[in-house]
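We just call them A, B, C and D in the order they show up, numbering each chain from 1.
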């Protein structure tokens, strides 16, 4: 029995699904951020696996950039969270209703 | 000679434009005099051209290109030949006289200048019509006279009846014009030209059905202009216009354009005698039909209009039977005496302060002696008494019918001749003889201006001599172009019996009319309430029928088309589609409740949908490529 | 300058519009008239240097925009587009000169100048993308004119106008893109140039679909039945100047595009769809004429009459022979002049009475004789009286279609009857009879400004009716080359039979030069 | 064999950790579980021969990002049990599973593996970090620089947003709120009470 690309991809999608569930389930914004990190990591596994099995560095490059994006996202996102917390005293998703159509 | 052609053609236009300059300004008799003068110039040119043509020449000019596209080439080309010169003479004589007459007749009218502008424009259009050397040029004139007729019928535009009549005339003519256009289309696509000479020289090469269709469509066109049944109702209504207009347009010239067209297109109609027979039969029918309506009418001008209609029927009989020169001859003679009749009626109207009911007149012989003489003369000519014009032209048509062995037509026409005599003299008797009924209405009639009478005099002369003097030279001239067939009844006895018989019959009708109406008018209530009288009086209920059958349904249908179909179906469908989209937006906007977590859920749903689509498309694509392999 | 004349014509008004922002609002009108007059003179000069004997494109200019996809700024004119361009500049000038609107005149003039650019652009464009861009751009100023200066329902009307035409042109855009893709497939390179597209011979089933896609875009613009309902609203709400430009020029875009795109690109499909389209055209002619008869508002009468006349134009276009197509193009010009003039005339009375209901008038002929005369002349032109400009076009269009179908032409010919019915009855309601309303008794006749706008139109109406040759000849020459091209490209036997082969050596030569 | 065992082991651990992250109501647990999950993921990277990526993963995620989150948690005081409103947990679960199934289906169906082509093949001679360096500073130079700028921008943005007084000029707040801010800052406890 050998570990193939498919194994990694399945793992990646399972993690992605967990992340999705988290995104939908969480109301606390900080927890929501955690869930998005899971999503990003899930894809990273997929990219790295494809890079490995196809002998191509592009996948790794993608994963690399994704990490960079994740880092910036955290920085900006947390900053925004702090501003929001200052204004409302909460970081609950349900109070953000200013986009009501 | 070309210069005379141009003068004859454009002098009226100049007059019209000159008068138009003053259209908005108050009355100046200058416009009338200038317009009349220019028409006289036109007349003189026509006479010169006539002389030239009599000598056996023709004039043919091509002024400039009009429409040229693809293979189509239509110039402004004019031809003065034996046929058109006759028409030119008729048009220029009658119109000059009518112009001069109108200076007096329209004396007190606010629209004096405007009137001359229209009237001269009409003459120009008529000249174009008769002088054109191709079918489309004829069509220009054809529509041009229609326009002027519309303007002139509706001249007193504040009168509802006048404007209504104007529109009716225009629209009815348009129906016929469509047929004429179709005829022109057929000619073009089969021959490739619309020039008379080309068309007539090649027409015989076409297959029979096409020639027949050409003949039919052109004749329908002619029916509109010449007010033949069933497009006849406009002519009687057109009497709403000023009387000189009726004289010029609705008696002498425009309405005869249909006859002119058939005469002009004689090479076509010669090939299709069946259509000719139909034309002749329709003509005979109209002659009778119109004459019966004239019998009981109580409107002086309408009576004359029906008489015109009836005479047009005669002309069509002649044209339909192939006696083109006879038709044209009657056209000419009729123009003279009918115009005279109308102008006389105009004098009477003036004297009677626009009263039209002859039953309210009577005894006008005394105050209006000259008018009486002229009108009687015209009526005698119309009735066809020897030696006046009508005898030579109208009785000739009877002879034609007889010689061509269309005895039914002959008898119809003969009966109509009697009717004609009767209603003409019924009118004369009612107006000029008997009691002075008008005094009850407080009207004191007076004779028209002298110069108006002088203007009418030439027509009177022509009504007398046109038949006698002109017949032979006319025959010799036009038969260069038209089929020269002499219509003689070879059996002398028959000839004399017929001629004298007809004369006696007509004289008897005249005498009866005098007897019945010249003394005292007895209104026979029983007759008047009878079905036949009512039928005739209401013009066979045809105007009502048209109103019910066409006008009203069209109006209703238009309303329906707008209110129901356009607004409620077509537009509503469009708005409906827009509304569906709008409503979808309204309904689904709850999705955008501003709650981010539910938005996230929607996002995931979207993701799932996209994934499903991706799979579906891939599977589908693979299936297709697999099958292809 | 001569080789850049078209670019100058296109962009000069836009530039002037930009500069217009800095013009003081009191002098805006004078500025607008000056600019429009210069533009008009330029277009006259274009006409002057145009060689009427050549049937192909002239004054072509080319500059790459997106080289990778073969999108070029490609403009050029032939006899077909030349006169519509002149008409556009002419009407912009007339429109500005006769402007009676007083609110925000400066904005209106700037909008009009911008609109002028898009109009000239559409008719000069030979690249599909450039054409499309101008086509869509023309919507914006019109939307603004209706929406900002219109009547009470202006928002509804302008949105309807915009969305309706925009939807149609999106479908057309898809067609254009597919056409370019097909060209790529066939030749290996991208091109949006019409002249290159002309060389393609498409399979019939492609032609049918593409024709349909283009047709929707064009038909809504024309507007053909049953896509016409935006027009009455747009006209009903638009200010006079908006209606004039809309009727005189913008509608012509649709029929022009039929000639420019549909016919030469898809000859077989054109033949295939000839009778369905002719049926629609006939419905347009007769049905809208009836609707026009039922109207109570004089402006709506003119609006529906526009639709009716556009039906004749469409019919002439799909006659697919020189007579018919030339006639339809001539009728485009004619209808532009006549309907433009009629809308101006309606504007004249609207300015005085602020109503367009015919029942409010009556007897105007005695109060406003000059107005009645001009209206009468234009009405008669609209009815198609010989020696007026409309007749030439209508006659040729119907004559052309008669070759294709007798019965259709007979029905379509009722245009001259139904047209007379609604026009005459409208005229009667407005001008004849006695003056019944007190307000009408002291109406002023047309003043000098209005005469400046109207008299040239009257002159053109009669001049071109009597002597159409200066316009008809170049049009015919260009149309001949299109018809020949169509014949050469036709594949189905029916198309080959229906499209005449001119095979006249002059046309052939010029064609090789051009294509 | 070793690879198989390692894969399944780490897969199980990662899934477990992330499930805890998503499901727990204790913020601290969630944070810890996620940090662990990140480290386990780096194990996959090492197994896949992406050494550099693995190291970056540990440094960036477990080091930097987790530290940031930890600070954030302290700031928001979410260490205690969170009360979250739950709506339709079943829908959420079904959607998640459905998405996973579909993605799995796409991945294991032959289309992916057959359609991929190698663009920048690994050079066997050099090590992973070298190869990455080579490619990063040649083919991916521009994206790399852009990423660097992005990180810089993000850093500045983070500082500006979270900074104490620096947010005053931002358009995020209405004028009155800015005026009120001074008053609020004086008694931050009251806000916490409301929370």
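Worth a mention:
Heads up, the rule we're going with is that a contact is a pair of C-beta atoms (placed from the backbone, for glycine too) under 8 Å apart; a residue touches a chain by one contact, two chains touch by 3 or more.
This is a predicted model, so every value here is computed, not measured.
Nearest to the overall CA centre, using the mean of each chain's CA atoms, is chain C. Averaged Cα coordinates give subunit C a centre that lies 61 Å from the centre of subunit D. Between the Cα centres of subunit A and subunit D there is a gap of 5 Å. Look at where the CA atoms of subunit B average out and do the same for subunit C: the two points lie 36 Å apart. Annotation: 57 Å between the Cα-based centres of subunit A and subunit C.
Multi-chain contact residues, meaning those touching two or more other chains, occur in subunit D at positions 92, 95-96, 99, 103. Counting partners per residue, subunit A has 20, 24, 26-27, 94 as the residues that reach two or more other chains. Arrangement of the chains shown, judged by which pairs touch: an irregular graph that fits none of the line, ring, star or complete shapes.
Chains that are in contact with each other form these pairs: A-B, A-D, B-C, B-D. Interface residues of subunit A, counted against subunit D in their complex, comprise 1-3, 5-22, 24-28, 30-31, 33-35, 37-38, 41, 44-45, 48-52, 54-58, 60-61, 63-65, 67-76, 78-83, 85-87, 89-91, 94. Against subunit A, the residues of subunit D that register as touching in their complex are 3-4, 7, 11, 14-15, 18-19, 21-23, 27, 30-31, 34, 37-38, 41, 44-45, 48-50, 52-53, 56-57, 60-61, 64-65, 68-69, 71-73, 75-76, 78, 82, 84-86, 89, 92-93, 95-97, 99-100, 103-104, 107-108, 112-113, 116, 118-122, 131-132, 135-136, 140, 143, 147, 150-151, 153-155, 157-162, 167, 170, 172-173, 177, 181, 184, 191-192, 194-195.
Taken in their complex, subunit A has these residues touching subunit B: 20, 23-24, 26-27, 93-94, 96-101. Contact residues of subunit D toward subunit B in the complex are 87, 91-92, 95-96, 98-99, 102-103, 105-106, 109, 111. Residue ranges on subunit C touching subunit B, taken from their complex, read 160, 163-164, 225-226, 228-230, 287, 290-291, 293-295, 321-323, 326-327, 363, 365-366, 369-370, 373, 380, 385-387, 391-392, 395-396, 398-399, 402-403, 406, 409-410, 413-414, 416-417, 420-421, 424-425, 428, 431-434, 466-469, 472-473, 475-476, 479-480.
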